[in-house]
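These notes open a run of structures that come right after.
Each of the next two complexes has chain A plus one other chain: chain B in the first, chain C in the second.
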Partner chain A sequence: MRSTAGNPQVAAGSAAVAAVSVQETEAEPLIKVRDLTVEFRTQSLVRAVHGISYAMAAGEHVGLVGESGSGKSASALALVRLLPRTATVSGSVELAGRELMTLSESELREVRGGQVGIVYQDPFSSLNPVLTIGRQITEVLTRHKGMRGDEARTEAARLLDGVGVPNAVDRLADYPHQFSGGMRQRTIIAMAISPEPSVLIADEPTTALDVTVQAQILELLQSLTEQHHMAMLLITHDLGVIAGITQRVMVMYAGRIVESATTEDLFNRASHPYTVALHQSLPRIDKRQERLPTIQGHPPDLRRAIRGCPFAPRCPRRIERCKNEDPPLMSVEIARQAASPEWTLKRIKEEGGEQAPGPESPHLTACWNPPPPSSSVADGWEPT
Partner chain B sequence: MSAAADPNDAGAEPDPGRAGEVLLAVEDLRVWFPVGQGVLRRGKGVVKAVDGVSFEVFRGETLGLVGESGCGKTTTAHAILHLVKPTKGRIVFEGVDLSTLSRKELQRLRRRMQPIFQDPFASLNPKRTVARIVAEPLVIHKEGSTEERRARVEELLETVGLPPDAASRLPHAFSGGQRQRISIARAMALRPDLIIADEPVSALDVSIRAQILNLLADLQDEFLLTYVIIAHDLALVRQVTDRVAVMYLGRIVEMRRTEDVYKRPLHPYTVALLSSVPIPDTAAEAKRQRIILEGDVPSPADPPTGCRFHTRCWLRSKLGNPDICTSDDPELIPTGDSGAGGLVACHFSTEVSESTERRVTIESLTRSAGGDDAGRSGQE
Partner chain C sequence: MLSRSKRLEELAVEGDEPTFGSEGRLAEALGGIRPRTFLEAYGIVVIILMTAAILAAPLLAGDPIDQDLSVALTNPTADHWLGTDNLGRDIWARILYGGRNSLLIGVFVILIAGTIGIVYGAISGFVGGVVDGIMMRVVDIFLSFPAIMLALLISAALGPKIRTVIIAIAVAWWPFYARLIRGQVIVIKQREYVTASRALGAGPMRNLFMTVLPNSFGVMKTILILDIGYAILAGSTLSFLGLGVSLPTPEWGVMIREALQFPNAWWMVLSPGIALMLFVSAMNFAGGVATRSVHEIHSR
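Take a look at the complex of A and B:
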């Protein structure tokens, strides 16, 4: 399936009619992504997302971590094709059993802001500056819940109050510029959750905010998603944010998922050299280090074809196989043996080593020579 | 790294004997911006972005200015660099009050304090080669011949870890981290004593930040540089500073040695800030209890009476809302830290230090004490 991306300006609130209620079945995951690829056609072709697959269960909080250019935002926004026209998306995205990739633009608009709520990074640009806060919330309610007039206004005030905006009734008449950054982000969250979506995509929801406000917003997202049993895909570059509020994490590098684990395992038994290095190079507030370990070099240029593992040029654990063969995402157990060429891709697959991240999947890594289980301490990393 | 000092310019040779003397003093700095003036806007008074800030910076140390948006940290930096004119107060560099200087004298002195800005994508002219960007301060200050400048640029690029062929290229050919290296080379061109770095790594990717921070530390050791680093990232500030001034609404509320601030915070705002920062560790996060401050930072155009923090203070309500917090503006008073001249502005700092909130916050911050207490050179 192949389709060009939808209009990037379509925000969380502008879809049509009430959302289709989601049938939650125990066995089937809520979201199933298969071989999702995103390419941007600029002067050259940039493959931002390189055929990723994963699944998410209802109510799960999953973190998607990576640096700029890792493909984390593109892969998440591609789920509902909220990408610029220069983007080409392929693969399959199933939401509650329904294939989204074949939907028309108008059907998609119903899904966006309906079953899928979206909270963007920048609360300063995701609200319309010339419309009142009340108008923007009631618009969502009209489109997704068919509410009008006083009913919509009452509900808007209730929602604003629910996300912690004081004097909600009076503040409906305010314009976005009269709101602080934290209050705008609360408003956007209120709009995103108003149609009771089954999944919330939060794209760096606190990056533009101050740290005390970040704490407020994270707590709000945590309690709202739990209260409404919403799944949340939390996209961030900040491993600290992930540690507090997710159950599982997928780490992206160069458009690929390179590691997937429970949050607990990711922080305590990281099994991809990139994850280990990223973790170590973070300045931590709970200790002072004389010198921060660094990751040498830069992420690869995605305009060029990459031979072998994309992290290999920066990796201290690089072995011969890394230079020639891009490792698949496989169970850590098998990855530990897979350095040997006897483990062909075919054999890895046959023995059940190659898997896509999901609620039940084991700890996965895309590495031919994963670091030992207890590599929370610098292990072969040169301090500069 | 090779010694970058030019033998003809002996004055720039670092002199370790001078470490510890006061390099810069900021005295009762106030920067007020008028708002609402003009034809159609009504007079609304002034925004007191910086409202009575005093501190000293010692040669060879790194002072961190931290706080949330609107606290005045960047405006303070701009005032030091003379990018904004102080409404009141003095900036004294090596004993010389900058406001008494003529334009020419000021320009001469300015070369000794150089800025590094946050966004290396905006602060480098995209149409100029790296050589020209790095040489620009030399040209402006009429330093050396064309040939000498070329040699100096080469030397600077090496110092900051860029390849020699970088000189002939344009900024767009470089990644964020490399661009910040170019900015640092430019800042180093005139062999400054003081570098004011406003969020020097916050625009960079996580994996690149450590490289730049380590570079800044190397340059400090090699050239006895003094840094004032403005940052909102409290984890980063703990790694790179010797002392920290915590700002809130145009004031310093706590200023102490870095490890004192992180291990024994005395202002309720500092405690709340420290408790808010996410820790990349599931065990640490699970045990944490965040102090969630109510609401947002009030407008600096209309700061609260008394203590400016009282509207959001978690401690005040626990103490039964004492009147003194709304009536009396607390002064910065000595904390009694051993030999470090720490200051805090809170009527109830004793109660802060006895609070459960502080104990819990500190526990989560001292969980992994590895590599702690290793003081940095050039301090005291």
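Take a look at the complex of A and C:
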């Protein structure tokens, strides 16, 4: 609307305004997360997610990468408040223009499953062992689509068939233990997509499966989300998994997003020392290595307040500034100059350097001294 | 005989959620029930025979209340297979009809105490937090009375009727079941499939009754079946103490109590005693099968 407001010609034609506003709603991101913070009250306070912001467009596939404990699952489950009671979530989550953080539990129940589907990591433990597969799928259909009886059963069989379970009609009567891991994950995917949510959160969907099945499941997720135009947030610790099926990747470390780029840029021009180190510790098929490099040290203890950049203690490129100031997520161009203290946080902001990852955002990194593009070790690692 | 909590806990430790299923479910369950040892086979046969006889009492015996003082206190004879009591009533008939009341007490005590205990304990464990704390303190208060005393107090207050016996024992027993199921529910509610079902939009009610409870129920089933025997015994105990079923209603515990006034009429005390012992011990022997079937299904 902003662009048309000053134009009397367009403002006169209401049809034209409507057309423009439709266009703009489409451009408006589907999910907007602002300053999402998750804290767990254990013996001490653990800040698992440290004020992250990002946006996702409808139909977009975004990878969320990080090691265990980096806050990737916690940040995703916090979107629909599915965390244990010990967790406190703050910040703002907007889904299709609706604020989720202020919703009541019963309103959230409509959102869960209905608008936000979740595929869990372990297919062996995320199905109810005492109910048949058919019962579990039809329950979701009844819950979110009001289907009952034969209609629901037919639809369940169709869904199961659609995710590639053979003899779907007969297998509705089976119990989860009669299914293999891959088939269980297919079932869970069928249940997650059955209410046609606009977002699918896939929390390490292939970690518990063997490699051949992994590829099939990823392909299935890819084709189903494209078919239904669902946005997908794919959480993983495996760079190989995101290479094939995401458009953008966000790398998390110590509860922060430390790098955000298109998948291609992330593999070819990694601009955060942590991402570079992650690439280096991947086994390479084209290079003979005696020993796989590892990242020295450990992730920081999230129970303590961290001074400076959380990656600094393990970082080969750390400079003086890293010890004292936590770098914001900023565009790579500015980050390359930001080593000098003239670039105060205020100036970075003023120059438009500090940004939240979104469908349109440039390559972002949270680093005072990002590695030069030439030092990328990812050559040979083309996205497939 | 009223304090079986230790036994319950032993069982509870071993149990976990069942993973059996379906059409296969009945077959598998029956497969588990197949007796393995002589004692188990014996237990099952005795239970079946005694239950059948008790249910068919009108075909097998005369009136249990009909008095005939001319034949009072006779030895077992061809007419009266197990003799007669002090009022000339046929003991065989009284055993069969008395068994009906005993069995009725056993089954209803378990149904009532089981239902109350399971619902109460499941809610307590599922809701957790302060609610759980308060609900479990109530259970602790109930458990801090000896169960037999609680039952005695209740039946003394409500007067000697079958209904009273059932209520008294059910009130004394439900806390055991509540505590047991609560423990299971707390374990199960942390399973990933419970979160997964929340992620699909399931509310707390659906979650508790469709997901958590059915998965917590495995061990309970065995214990409830086993406890029918103990409930019969408890009912007879109350009757024996004069606080249960009142005369002339036949019931095994009442019959033993009556018999004590006639120490020379050995048949009066022997028959109900043996009936009680046969049934409860058979229940125990057969209970092993149920226990095993649950464990086997779980370990698959």
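We take it that the second predicted complex is superposed on the first by the 349 of 384 C-alpha atoms of A that agree within 3 Å, B and C clash if a C-alpha of one lies under 4 Å from a C-alpha of the other, contacts with A are read in each partner's own complex, and residues count from 1 in each chain.
Definition applied: contacts are C-beta pairs under 8 Å (C-beta built on N, C-alpha and C of every residue); 3 or more make two chains touch, one makes a residue touch a chain.
The structure presented is a predicted model; accordingly, all values stated were derived computationally and were not measured.
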Contacts of A:144 with chain B and chain C, given as first, second, both or neither: second
Scan A:344 for contacts with chain B and chain C and give back first, second, both or neither. neither
Between chain B and chain C, which makes contact with more of the residues in chain A? B
Is A:44 contacted by the first partner chain B, the second partner chain C, both or neither? neither
First, second, both or neither for A:82, with chain B first and chain C second: second
Touching A:102 in the superposition: chain B (first), chain C (second), both, neither? neither
Can you name the residues of chain C that touch chain A in the complex? 17-24, 128-129, 191-193, 195-203, 206, 210-211, 214-215, 300
Quick check on the complex: what are the chain A residues that touch chain B? 67-68, 166, 180-183, 210-216, 218-219, 237-244, 263-264, 267-268, 277-279, 281-296, 298-299, 384
Flag every residue of chain A that touches chain C in the complex, lowest number first. 80, 82, 85, 106, 109-114, 117-118, 120, 122, 125-132, 139-140, 143-144, 173-175, 177-178, 188, 191-192, 195
The chain B residues in contact with chain A across the complex are 68-69, 175, 177, 205-211, 213-214, 217, 232-236, 238-240, 258-259, 262, 272-285, 288, 290, 292-293, 295-297, 364-374, 376
